[in-house]
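In what comes next, chain A is part of two complexes: it sits with chain B in the first one and with chain C in the second one.
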Partner chain A sequence: MLENFSFRTIVEYLPLFGQGLITTVWLSALSFVGALIVGIVLCAMNLQRGWLFRVPAKAYIDAVRATPLLAQLYFLYFGLPRLGFVLPELVVGILALSLNSGAYIAEIIRAGILSIPRGQVEASVASGMTYVQRMRLVVLPQAFKVTIPPLLGQGIVLVKDSALLSLISVSELTRAGQLLASDRFMPAEGFLTIAAFYLLLYYGLKGLAGVSSRWLGTAGART
Partner chain B sequence: MIWQQLQSLAGSYPLALRGLGMTVMLSLISLVLGTLLGFGLGILRTGGNRLISGLIGAWVDLIRGTPFLVQIFLIFFILPEFGIELDAFTAGIIALTNLAACFICEIVVAGIRSVPTGQVEAALASGLSRWQRMRQVVLPQAMRIVLPPLVGQYVLLIKDSSVVSAIGLTDLTRVGWLVVQRVPNGLLVFFLVGVGYFIVCYPLIMLARRLEQRMGAAHGEVQL
Partner chain C sequence: MTKTGLAKTGMIDFRGVNKWFGTLNVLKDITLSVEPREVVVVCGPSGSGKSTLIRCVNGLEAIKDGDLVVDGQRLGDPATNMTQLRTEIGFVFQSFNLYPHKTALENVTLAPIHVRKIPRAEAEKAGRELLAKVGLADKVNAYPAQLSGGQQQRVAIARCLGMRPKIMLFDEPTSALDPEMISEVLDVMVAVAEEGMTMMVVTHEMGFARKVAQRVVFMDAGAIVESGTPEEFFSHPKTDRSRAFLSKILRH
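So, the complex of A and B:
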């Protein structure tokens, strides 16, 4: 059993865990911003009528969704140097997370835009709005509301996915747990502690999702 | 140069087949076990017993709130401290089954809650037992909501099975990792690994989409 469970070692390693936690938070945040950009571009391409943009975007989204993140991560990690890009592991990791989550976010945004009834679009066309006005004044404000909760869900997935970066030796939270496990042969202390930290992040984001959906719900009722 | 690499890659195809076999086997076993367990948990959770349903909810939250990699490490490295010796394969199966069960539990709960209460009341009034009510009235109707995300969950499960390579199981991802040490062409090697997963996952993704459209269209609902 765990009678040798050493809280003292955990406290001793707390600075390491803290650093790991901070790294996990900011690299996830950065990847999320990257994923939003990738997602918006992909979604815009995917909604075009012409095949020139739509087909590559669809192919990319399908390819990402049908393969594991870990394989994508290794693809970039072992593949980029071959193309002449020798990047630090951290950058490769952020790139992989952005490119991966971007494909999911593209689908989330698309579902949001397509959830706007056609009649609204037709009405705005009939009112003589330009494409940009239609998007800015009619479609996007409504799509935004539908999109926020699943986007936060994707944010939760992204934080958890970032644990895989420990496998290409990025020193984030999971890596800190691995270090404790291998340096001191204390896997229980290491992995239970990081699990607790991840739960902290999870409940934080989940709370945020709850607050936002309540806030958006009331905002929706008013209009 | 490229030619040599291709030859060398062709030489490692038995390994690749073994890896693909391992990925499929891991996914298949935990898919079956996870589905059974997930339905069981889902039914228990909607069963009305506060304590049981609270416990299941808490467990599901714990699993959904932590990275799968951490769960695998916990199972593989900590269960032995309780005197349960595990090989990597069993640990992988346990971790994947547990993960699948938790997500499927949530899907099943959503499905069961989507069945109008009038149906349950009618079944009660007709004198059906609890089990009959579940099996003949609630579940068949819940399946309409359950099926599309369930298939989607299977895709996630196959993809998540790649993470067990971290405890040394020679699945498809691990094979790519091994091969890339000999054939230094990461782009090609992991492109091929990706193709392997794509062949397994893409038909399932298509199936999930078809189901979603069919179930949605048949009942005039939009499912996001």
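So, the complex of A and C:
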């Protein structure tokens, strides 16, 4: 079986995989930053008491979570130009991932904020802090810490979801595997290699989360 | 005071205050005045409304009707700046509620720096002095999780004192503590009282009440049933309900 497996071809295609890997890394990183911004804004809207901001935020989050990312991607890629917005595929890809992941991140951050005990808010209210001070000094620093593991999970999902961008001809990692599969009829080599690279990215992200966890300190243990 | 249209008021003035949780009348027609520098102990059975009573004073709970005037400002009045008023009122919680991500010193200096806008160096100097005063000079850099319950509650008291409040409210400050830690917290509270702080203290600690309280208020089912000096109240309770309550807390 293995005699049919061509390591030589993989090595030959390594520059292509390398380029794909680099594209996947930076477009995922950009999308994650975008998703964080979308998520924070949505979460802030969602935590308002008045319906004016809360209802649209909830509707958006539900709509994104209820529909397949592929459908969202196709809507942006094929649908938007018909409505008069023509964007390069890379921009469309990053936009789709940001808008999609942002909805999940909004819920992750909201759960983090709601996990902070009521007593913390009461103590800061009682000391005369304004809403913004309360959030900035007491709630968010604590919420951020409990939010890191689920955010990491979402980051991993985002990296894997970025494979869908191969369908709108973005030359990322999965696209490189597809090329090897179609050029040389070597799907095993192509897709096994990209799987190995995704695994590498996964461990990279895990390491990053560990570092940031330690950087935020271990002293915040709840009493 | 004249702007509220009320006669001369104390530091904390309840006049016919009512509050409901749903259909439950948790505060019934409360009238109570606490004078400056006075220490009032509030006691009563569980669910009698004593915590709710003091939580109304700094607006952690809103009152439904009646008047509550604190430091000359009427709560619920649009002219009253609650955030500003709260800086004058320290609140000590049963469960301490220290900020777990901040050291003892940072817990004490956080509000003075950000709310009172005191320069950091000055706030830290005052913070160290306050922690020394509550007997925790060596715990300045400890995080709450590294402190015992009694130590945490003393940090919480120092945190309130850091704001230089006019009023301190204590909501069962020793109820969550192991017995051997109660006296270290009470000692600090006695010291604060002896410096002339206006205090409302929800507690069943009779020793504390006898030592520093001018008045004990007994609540039951949302109403003030009895009020008198600690000596009167503990030695000669006037009502059946206060006698029944005292016989329960004194039995052991």
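Here is the rule we go by: the second predicted complex is superposed on the first by the 207 of 223 C-alpha atoms of A that agree within 3 Å, B and C clash if a C-alpha of one lies under 4 Å from a C-alpha of the other, contacts with A are read in each partner's own complex, and residues count from 1 in each chain.
Following the convention adopted for this analysis, contacts are C-beta pairs under 8 Å (C-beta built on N, C-alpha and C of every residue); 3 or more make two chains touch, one makes a residue touch a chain.
In this text, all values refer to a predicted model and were calculated from it rather than measured experimentally.
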Problem set entry | Greater chain A contact set [chain C / chain B] | B
Problem set entry | First, second, both or neither for A:A63, with chain B first and chain C second | first
For this session: Look at A:P187 in the shared chain and tell me whether it touches chain B only, chain C only, both, or neither; answer first, second, both or neither.
Result: first
For this session: Go through the superposed model and pick first if A:T130 touches only chain B, second if only chain C, both, or neither.
Result: second
Exercise. A:L167 contacts which: chain B (first), chain C (second), both, neither?
Worked result: first
Problem set entry | First (chain B), second (chain C), both or neither touched by A:Q142 | second
For this session: Go through the superposed model and pick first if A:A195 touches only chain B, second if only chain C, both, or neither.
Result: first
For this session: Pick one for A:P81: touches chain B only (first), chain C only (second), both, or neither.
Result: first
For this session: Could you list which residues of chain A make contact with chain B in one structure and with chain C in the other?
Result: none
For this session: Please give the residue numbers of chain A that touch chain B in the complex, ascending.
Result: 1-2, 62-63, 65-72, 74-75, 77-83, 111, 115, 146, 150, 160-164, 166-167, 174, 177-178, 181, 187-188, 191-192, 194-195, 198-199, 202-203, 206
For this session: Could you please specify the touching residues of chain B with respect to chain A in the complex?
Result: 61-62, 64-71, 73-74, 77-78, 81-83, 155, 158-163, 165-166, 172-173, 176-177, 180, 184-187, 189-191, 193-194, 197-198, 201-202, 205, 222, 224
Problem set entry | Residues on chain C engaged by chain A in the complex (per definition of touch) | 58, 60, 83-84, 86-87, 89-91, 93, 95-101, 103, 110-111, 114-115, 143-145, 152, 159-160, 163
Problem set entry | In the complex with chain C, residue positions of chain A that touch it | 117, 119-120, 122-130, 133, 137-138, 141-142, 145, 217, 219-223
